[in-house]
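These are the structures in question, set out in turn.
Look at the two complexes coming up: chain A is in both, with chain B in one and chain C in the other.
Let's look at the complex of A and B:
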């Protein structure tokens, strides 16, 4: 009964989304407010229906209702409750239902928050959002019904892949999906702006919070996934350039670019057409990611069971959304009025460079991910593009980005002064060069790339601090510096946090990649192995049991210079339903790095194969990611974004110029024209 | 001023275009440069290895089933020997390290490495890939008729 209610709710949501996707356009054509408002209403209806549907599926999982095919295939009555709940989205149908739920959540949120927007624009945006919802719901109803009944009823379920029975499953997919789907808001706003033929600074101000929220969630989702892989897969890797990882990384790159180009639209009324395109691309990449994961076209650890009809459906939907929006772009974008001008050296140019590099990188990742598909289609041979390609591209494209990142915030809008910025950054360059040299000297030969990465991270970190110091005039007027620090807008803090977080991530990446100590060995209880400066001694190996598994657990003492640092207890678990075993690595994070131990199989005679690591500074990855997310949240909480209305904006815009930003004030006809355009309310 | 403004706008657009094109070309060059080196590895089943006459030392990925009763472990407790098969051709594999959790005889695996002079595939990594239905994509033999898959 519950499953039928869920199924019914999905169909209801489908109908609501179709009404919500079409009627607002009719309303605009007829100038009928009631029809326009209907879009928002339908978004609410859709959201409520999806909560009911998802709740119904979750309930079926919790009570282990094996008359539902999806539950019987993917769950088991002996599974801990938490994983019964999380198991709802640990499979194809459930994860799609989650996608659709998130999509309807964003549609409803746009409807709720969008009350401040002009009605026409708001209804267009919500209609687009509803259309996306319609596509996904149709996909669910037509090919992936999670509520399908099983007859005869299964007595017991197949169980959930033990690799997925981990707290990672509870947070990683929902967060990533929220991020993916969050980009739909930017997409809808872009399409609405194209239909309406108008992009104003106010538009950027509406889009930016959505993009920022999506970006924070994407960052969190990717970092969580990477962390999960790091501790769960048991070989200490955290990023494999797997197609599915790439699928989440591409939208992140595009969202990062969009975040920055939207600033230019908001502040300077320039780059409008490009920003619209970027908003379309960012969401398209999310959809493409879904296609890659769901269709099984690529060989990947994440692949769910592939089903050709699903692949074709998503491909069709993809073609419709991406093709349609790009066609609309080609048709309407030329009619957008170009906005403010800027000089070669300016904040705008720095942000343009940021955009070029980020989108090129996204393009390269896309080529690397899809190349195997193309090649297989043409000559039938299967290949895979490995990490060296992506790593090389990352080094080549991201290094200039990081260098430019130091300069960007120091340049003024419209026309900046490069040599002045370079003078300010001098200490950062010094720190980088000294750090790089020190690292090379202490580590010996063959670490050119590592020294370079290390230097980049130092440079970036110091330049962020210098920028803040400059802003609060720490060196010019130290007396009032603290007060100025406190009154810095949250957006500035956000930027500083995010950029500093990036520096920490780069530091963690480079150092852990280059200086990891790894030992593969066979130990008997009482024997020890040296890993870097640490000695891992196997104390004992014994059997243990968990709720739905039995395990072999090793106990290792880790000492440094005879002093006990920590006790590690890696496990090799055998899950009962289905019978599968997984290794549970044991990790102790220290300030200097992570101690990491994995127990393998018995090597006979009481000896066990073990893999032991010391991974220096790897925590930088997660700490840096958290800082980046914090930066995003701080920026999101900035008053200026919350106000978000065109009336408020004008006042703030004038405050902004008065506030300085060291703009070289050269009243020319260009500036006058540009500002006149800014003053015109949208 | 207005006229020069027009010029600047055009110049600016041109500059952005040129930068974009240069970066794009650099990217394409990068792709071409990287392709064909280590970063590109063929994915082959044992039959493919025989067909293509893979020379020793050439890096590729080998996918297939671990042949039944082919697995043995060397005395050091860390070196594993087994045969990967697509039921037509067998390729002997050695691997030093910890095998993945889902490694079993009869189970599909994907491993990376190269053949040595003796025609033994020396694996650097072994992945027991799997989807939710425990059938690793790309590891099932293409000619299943030749195969009596264990347990099915």
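Let's look at the complex of A and C:
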């Protein structure tokens, strides 16, 4: 009964989305307000239906209703409750239902928040959002019904892949999906703007909060996935350039670029056509990710069991959405009037450079991900593109990005002063060079790239601090600096946090990659092994059981200079349904780095093979990611974005900050703002 | 920048994906680089006591034959065994077996339990012959023509109608 209600709700949502996708356009053509408003109404209906549908599936999982095929295939009654719930989205059908739920959530949110938008524009955007929902719901109903019944009823379920029975499953996919789907709002706004043939600074103000929210969620989703891989797979790797990882990374790069280019549209009315294109591309890359996971065209650890009809359907949908929107772009882009001009050295051109580098990188990742497929299609040979390719591209493209990132915030809009920015950044360069040299001297030869990465991270961190110091005139008028610090707009804090977070991520990456201490050894209880400055001593190895697994658990004392630091308890688990072996690494994060232990197979005679690591500063990856997310949230909470309307901006103009953050649109006052530069608050 | 470029890229990708989704291509499957080359040299003891061992020279018989890598510890090998018996008994195709990283006694027990489809067998205890053949796991099945040249590799178990759909046509081609 419950499953049927769920199925019915999905069909109802499908109908609602179809009405919501078509009627608003009719309404606009006939100038009928009621039909235009219908789009938003249908978005609400869709959202409610999807909550019912998803709730129904989740309920079937919780009570282990094995008369539902999807539950019988992917769950097991002995599974802990938490994983029964999370198992709802640990499979193709369930995760697709989650996608559709989130899509309807964003459609409803746009309808709710979009009341401030002009009705015509809002209706167009919601209609596009509904159309996306329609595509996904049709896909669910036609090929991937999660509510299909099983007759005769299964007595027991097949169980969930034990690798997925982890807290990672609870947070990683929903967050990542929210990020993917969040980009649909920017996409819908872009398509609506193309249909209407107008992009204004106001458009950028509407689109930026959605992009920012999606970006925060994507950042979190990717970081969580990387963290999950780090502790679950048992060898301390955190990024593999796997096609599906790349598929999540490309939209992130595009969204990052979009965030920055939308600023230019908002403040300076320039880069309009490009920003629209980016908004389309960012969401298209999200769709590509979904396609790659579900179609089985590429080899990936993430792939769901693939089915040709599903693959064909998604491909058709992909071709329609991406092809359609890009065709619309090709047709309508010339009607977008180019806006403000800017000099070679200016905040705008710094942001353009940011965009060129980020999108080039996204393009390179796309080529690297699909190149094996292209090659196989043309000459049948098989290759794989490995980390060296991507890492080289990352180093070549991201280093200039980081260097430019120091300058960007110091340049004024329209025309900046490069040498002045360089003077301000002098301490940052100094810190970078000294840090790089110090690292090379202490670590010996062969660490050129590491020293460079380390120097980049230092440079970026110091330049962010310098920029803040400049804003609050810490060195010029220190007396009032604290007060100015407090009155800095949240968007400025957001930028500083995000950029500083990036510095921490780079630091974590370079240092942990270069200086990890690793020991593979065989230990008997009582024996110890040295890993860097630490001694890991195996105390005991004993059997243990969990709700649906048995395990061997080792207990290790970790000491530094004879002082006990922590006790690690890695496990080697054997799950019963299905029979699978997983390693549970035991990790203690210290400020200086992570202590990481994995227990392997018995080597006979009471001895066990162990893998022991010390990974310096690896927490930087996650701490930095959290800072970036915080930055995004701070920026999102900024009054100017929250209000999102010109009136709000005027009211707020009393705390007008420098650098043209509040630059007005009139060219005359703009020049004045530019010449006022950073030091003079208005 | 030309505004049609993004659209053209997407059209190209859609065609590419559509082309790669057709047929029964399995992305997990790695193509053998040995197709069209002579089978690598090896000389192995037999799994069956008193039987002559197997070497690469024995494979060039003038007629197409099958070489099958198997192991008693491998579950899919059990699944395809019936089909191998059918190949040998119904279709009268000479099938040669190489036991991959398997104890001789265990391989022997495996063949005694399920029946022996193999004309001759070889015990690849270290797995070195498997490496030379580029085997990524067991079971794997090769079609070798009369001159001892590898013509086709079947990745994974030969189950279902794979004998009729794949193996027999490939044998015919190799003739």
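Here are some notes:
Here, the second predicted complex is superposed on the first by the 645 of 682 C-alpha atoms of A that agree within 3 Å, B and C clash if a C-alpha of one lies under 4 Å from a C-alpha of the other, contacts with A are read in each partner's own complex, and residues count from 1 in each chain.
As a convention for this text, a residue touches a chain if its C-beta (ideal position, glycine included) is under 8 Å from a C-beta of that chain, and two chains touch if they have at least 3 such contacts.
Since the model is a prediction, treat every value here as computed from it, not as a measurement.
In the superposition on chain A, A:382 makes contact with both chain B and chain C. Partner contacting the larger number of chain A residues, of chain B and chain C: B.
Judged by the touch definition given at the top, the superposed model places A:333 against chain C, while chain B stays out of reach.
By the touch criterion defined above, A:469 reaches neither chain B nor chain C. Contact with chain B, but none with chain C, is seen for A:520 once the two complexes are overlaid on the shared chain. In the superposition on chain A, A:630 makes contact with neither chain B nor chain C. In the superposition on chain A, A:312 makes contact with chain C only, while chain B stays out of contact range. The contact surfaces that chain B and chain C form on chain A in the two complexes overlap at residues 296, 299, 381-382.
Partner chain A is touched in their complex by these residues of chain B: 1-2, 5, 8-9, 12, 15-16, 19-20, 23-24, 26-27, 30-31, 34-35, 37-44, 61, 73, 76-78, 96-99, 101-102, 110, 127, 129-135, 137-138.
Across the complex, chain C is touched by residues 273, 277, 280-281, 284, 291, 295-299, 308, 311-312, 315, 318-319, 322-323, 326-327, 329-330, 333-334, 370, 373-374, 376-377, 380-382 of chain A.
Interface of chain C with chain A (complex): residues 3-4, 6-7, 10-11, 13-14, 16-21, 27-28, 30-31. Here chain A touches chain B in the complex through residues 73-74, 90-92, 161, 163, 234-235, 296, 299-301, 303-306, 338, 341-342, 344, 352-353, 356-357, 360, 363-364, 367-368, 371-372, 381-390, 392-393, 396-397, 520-522, 578, 580-583, 598, 600-601, 603-604, 607, 609, 611, 668-670, 673, going by the rule given at the top.
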